[in-house]
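You will see two complexes here that share chain A, one where it goes with chain B and one where it goes with chain C.
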Partner chain A sequence: MNALRPSSVVLVGSSSMVEEIGMTAPSFFRGVEANLRAFRGDIAVVDIDAPVEPAGDMAVIALPPGLSLEWAERCASAGARAIVQLTGGFTAEQRAAYRRLVDRFGFRLVGPNSIMGYIDTSIGLNTAFNEGITPLPGPVSFIVQSGGVGAAVLDTAISEGVGISRFAFVGDKVDVDDEDLLRAYAEDPGTRAIGMYVEGVRDGRSFVETASEVSDLKPVVALKGGMSREGARRASSHTASVAGSDDIFEIAFREAGILRVPSIQSLIHTTFALALQPPLYGKRLAVVSNVGGPAILAADAVVRAGLRMASIGSDTAETVHGTYPGVELINPVDMIADADGERYRDVLEAVLSDGNVDGAIVINQMKSCFFREDDVTGIIESLSKTDKPVVDVVPGGRDFQLLRRRFIEAGVPVYTDPSHAVEAMDALHRYSLVRRGEYV
Partner chain B sequence: MPDGAGAPGRRAFPETEAHALMREYGVPMVRTLLARDVREAAARFTELGAIPAVLKVSSPDILHKTDVGGVRTMIRSADEAAEAFDGIMASVKRLAPEAAVEGVTVQPFVERGVEVIVGGLRDPQFGPVVVFGLGGVWVELFKDVSYRLAPTTREKARRMTMEIRAAPVLKRYRGGEPVDIDALADMIVSVSRLMAEREDVAEVDVNPIFARRNGALAVDVKVLGGGRQ
Partner chain C sequence: MNALRPSSVVLVGSSSMVEEIGMTAPSFFRGVEANLRAFRGDIAVVDIDAPVEPAGDMAVIALPPGLSLEWAERCASAGARAIVQLTGGFTAEQRAAYRRLVDRFGFRLVGPNSIMGYIDTSIGLNTAFNEGITPLPGPVSFIVQSGGVGAAVLDTAISEGVGISRFAFVGDKVDVDDEDLLRAYAEDPGTRAIGMYVEGVRDGRSFVETASEVSDLKPVVALKGGMSREGARRASSHTASVAGSDDIFEIAFREAGILRVPSIQSLIHTTFALALQPPLYGKRLAVVSNVGGPAILAADAVVRAGLRMASIGSDTAETVHGTYPGVELINPVDMIADADGERYRDVLEAVLSDGNVDGAIVINQMKSCFFREDDVTGIIESLSKTDKPVVDVVPGGRDFQLLRRRFIEAGVPVYTDPSHAVEAMDALHRYSLVRRGEYV
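Entry: the complex of A and B
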């Protein structure tokens, strides 16, 4: 969808108009304008209170429905190949009218009711209205059907340092829908994993087909909103009486190779892990830690997730024992609180080269009193010699904030809680099944 | 209201048609003869030539046959068959007076196995779906079922059988031997093909199916047509 990579953008709104109920307001208009200043291309702003010709490859419209339709036509006549309709409140007839404009002019429409529109960090395009919510460029792209969930995802991504390639708020999906964006993201070299918030899809079978093609190439993670019409269906057969529509969504996602997650945070965490780390082929995990309790919690979560704690080979244990007599390679591996970067590196290298280990969860508690910021280097060095997935846990809050950037820059997903790391590993494992055609 | 009437616009295929459909798609079923009156009940028993036999009410409106006294087992003679026919009719008339009754089916008594269900339904968003679960009376209570979009493959069908919580029951049937998973997978694939190809079919229940060490045999089937949701 090249229409969403414009070289010029025109913003159409009003600096005075306020909708009684709706998003049209001067502050909204000014917010979008501020974020668009980062765009690496020509920007025009059309204030309809003093109208000029709305010329641009992409038009971003923030007006009430009736006026939006009028201006969409003018923008399309002036050559717009894409329209991002931020504001909503369109009736069914108005949506149909918009659809007719799409068919007549051939532009691509995001929205209406997109609210925050579209972000492509590679060209500095950001049509969101909240000032200061520009994400870092990075390997994750999102498709969201809700402004509220999308805003929360975006805000979390920014606060946790998760870099974004593209971010689409699909809104009412009059034209551009999940399938279009999945295909576009599949072709985007900057996107390594895709996260979605879905409430419903237009054509279920077609969605499953498209998503399964895309998920063969790149991991796709989804959070589903909108519970089933459980009980709405009168049971006429046993089969129908047991099947909830959420069960059907579940299996449809699996057939599509989509990894389903239960929360906004899981959506961000797992999508990011999938973007940074290779799939977990096999289920055997090692937990390597400088503290006991968090490692035990990690081990518990590993078992609960249906993954396994690896039995580390005796050769590996002897090698490590030779260098560090106090360190027993019983999984979870407690390296003792005084473990520094060098010990992390040596032990991790040994553990990751062990044929009984498919991946590792590293825990480095700063409150051990010995672990220093620079000791992160040791962990990162050990990873250059492995193609197995590794994720890190810095238990706590401020300690996590202190270290997260260094891990993320090295391509290591990092979490505050062992259970989040296990959730990420579980997703990496599920994606290995997708790649092998064994997920359904 | 009979409990099988279901969503508006649905109609159940007559038992004979439902059985014919199963034959067409290669779902192995217990031999089933239909008796419309008491004289036929005795005649079908003799024709079946299997002792003991089982008689069951045949009605598109009745989903739970035992609940309305619609099942008689251990029938050993033509006279008993006739008696059972009258008994079933009287009971059904009392407990499900509005149900349209075609007659009774006469089947040989078959050795039970692990009871499973294979079903099909049509989802408004994702189209035909095939369902597998532990059958009999447990299916609605525990909802322990697995799903695939239809049509599905044998490999996926095999994995479906392993996905239910009760999968260990399938692996350790009598004497610790597993039931015939391939036979179940074949049934799943057959029902999934039926759902994918026959758009006039809205729902299918093949229930119960007796899964055994060698093979699997379906005892009852219900097919609902029309009335897309």
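Entry: the complex of A and C
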């Protein structure tokens, strides 16, 4: 969808107008203007209180419904190939009128009610209106139906160092919808995994077909909102979508090879893992840890998730014992509290080259142990020789913050809680089934 | 257990000795010494490389097993009423020898293998060896069997602003065990909820009896390690405990009124909620939000947890519509994106005084909305008139960090993810059943 990669953008809004429900407000307008400054192309700003000709490949509109329709037509006449309609509050009739404009002029429309709009970090495009909402460039792309969930995902991604390629807030989906974006993300070389927040889709059959094709190429993870009757009722007024029955979505997602998750946190955690690590072919995991309790909890979570604790081969044990007689090669592997980077590297290399092991969860705790920041290097070095998936756990809040960046830069997903690492491994395993056509 | 509230502490260690498995090391010794400086009482340090008489109500020992036993006897002879044995690596025989010392001298022993030892924030006592491990004083106390899990809980509590009263690392439990500490915490006026990490208990029957008595007074939450065969095997070598079968623990925990949780994150989240908020009597929850998607996800999670979305009364709707005609009183309640503190206060007061509502989940998103830091005041004001439980969600990573402290200071548990708020409410509900004798 080249329309979403403009070389010029025009923002259309008002420095005086306020409309509560649809969110038109001077602060909103000024906020978008500030975030657009990073765009690597031409930017024009039209304040309708003192109107000028709205020229731009892409028009971003933040006005009440009636005025938005007028200005959309003006922008389209002036050559816009895409319109991002941020503000909402459109009636069914107004949405239909917007659709007629799309059909007449042939531009692509994101929204209305897309609120935060569209982000493409490769060209510095960001139509969000809040301050401090610029994500790092990176391998994950999102499609979200709700401004609120999207903003939460984005803010969390920024604070957890999860890099973003593209981020679309689809809102009422009068034109551009999940299928369009799935196809666009499939072709984006910067996107390695796709996360979605879905309330409803227009055409279930067609969505499943498109998603099936995309999920063969790249992992697709989805959080479904409106599973309960109460949530579904709210969704119908929220983004003008009919939230389908939960059972139907469950079956459709499986058919489409989409990995379903239960929460915003899971959506971010698993999508990022899938973007960084290869699928887990097989179920046999090793847990390699410098600490007992968290390793025990990881083993418990592995079994609970239906994965398996690998039986480490006697050859591997012999190799390791040659250098480290104190390290027990019973899985979970106890590296002892004074394990340094070198010991991690040697033991991990041995464990990851063991034919009985399909992937590894590494736990390197700092407090209650002697693990230091630089010991991360040893863990990272061990990964250069393997194509099996590895995820890391740094138990504890501040220690995780301290080491997070180094793991992420090396392409290793990192979590604070052993259960989150297992959830990521489970997603990597489910995606291996998708790739093999066995996810049913 | 007055022995654990000393007026003087003596630390016994070595500035030269290294023993890998049990963790004796000069850096360990020096670390404990540094953390003990905050103790509000007399402190003595005995370096056994240049020994002096070890005088103190409480002795903290960080030496290899044989030497520890010698010095424990010396400390006891010199009047110690409590010994915290940090280092581990004791054989069964050595543990039995330690037990004989306990019986002969009558001191209370924490450990061996307690690693991080014991914390009592009310007297500034902290025997942990890592830097930066000082928690805020507060209403939660923990009993943990594993140095690693305990350190992770502590580090997370510090980074999330969860205040601690007491924190015991029980290790091999040769003397002081879960039951002793449950009783001590039950009597501690500073403790309002108790969190446990348990691998195994010595006497199941007795543990259930003690826990039942304590859980009638204060909420007790437990994370059980060693649920799987693989985890259990590892636990047996980890803290010299026999991890019981998972089914037996499940039944025992229910009988004891202990709320079981599946992860470290859940342990911290739910224990803190139980410390700050009253039980949820009833299942009918209101979700009050300035944003659609996260409210929909909260409603979904409420239903999935077996709780219910309240039907808000028409009287309440009329009251609110008098002032805020745009606010929909269908649950989840849509406050609209421009909701400020005043609107939150008025709507929440109306919703919380509704006889159909047993508790409320408040969602105040910043990004994609117009909620500002000072608007927190309105939410907090609304709580002064209710005795129903309320938990808050600030979706997103950095925004949560920005508002966290203000909620916690006002006694409101706060989470980043709607599903975590629902998990907390579920624990508050389960505890109401414990209090009513209906938790079976």
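Things to note:
Everything that follows uses one rule, which is that the second predicted complex is superposed on the first by the 418 of 440 C-alpha atoms of A that agree within 3 Å, B and C clash if a C-alpha of one lies under 4 Å from a C-alpha of the other, contacts with A are read in each partner's own complex, and residues count from 1 in each chain.
Basically, a residue touches a chain if its C-beta (ideal position, glycine included) is under 8 Å from a C-beta of that chain, and two chains touch if they have at least 3 such contacts.
Just so you know, these numbers come straight off a predicted model, no measurement behind them.
When the two structures are aligned on the shared chain, A:Ala299 is found in touch with chain C, with no touch to chain B.
By the touch criterion stated above, A:Val208 is placed in contact with chain B alone, chain C being left untouched.
In the overlay built on the shared chain, the residue A:Phe107 is in contact with neither chain B nor chain C. In the superposition on chain A, A:Asn331 contacts chain C only, with no contact to chain B.
In the superposition on chain A, contact is made by A:Gly200 with chain B only, not with chain C. In the superposed pair of complexes, A:Ile251 makes contact with chain B only, with no contact to chain C. The larger set of touched chain A residues comes from C, when the choice is between chain B and chain C.
When the two complexes are overlaid on their common chain A, residue A:Val440 makes contact with chain B while staying clear of chain C. Residue overlap on chain A between the chain B contacts of one complex and the chain C contacts of the other covers 233-235, 237-239. Within the complex, the chain A residues that touch chain B are 200-201, 204-205, 208, 233-243, 245, 247-252, 255, 438, 440.
Interface residues of chain B, counted against chain A in their complex, comprise 3-7, 10, 63, 117, 119-121, 123, 125-127, 129, 131, 133, 139-140, 143, 145-149, 156, 159, 203-205, 207, 222, 224, 229. Contact residues of chain C toward chain A in the complex are 20-21, 23, 25, 27, 115-116, 128, 130, 132-133, 144-152, 154-160, 197, 199, 223, 225-235, 237-239, 262-265, 289, 291-297, 299-304, 309, 326, 328, 330-332, 334, 336-338, 365-370, 395-399, 401, 416-420.
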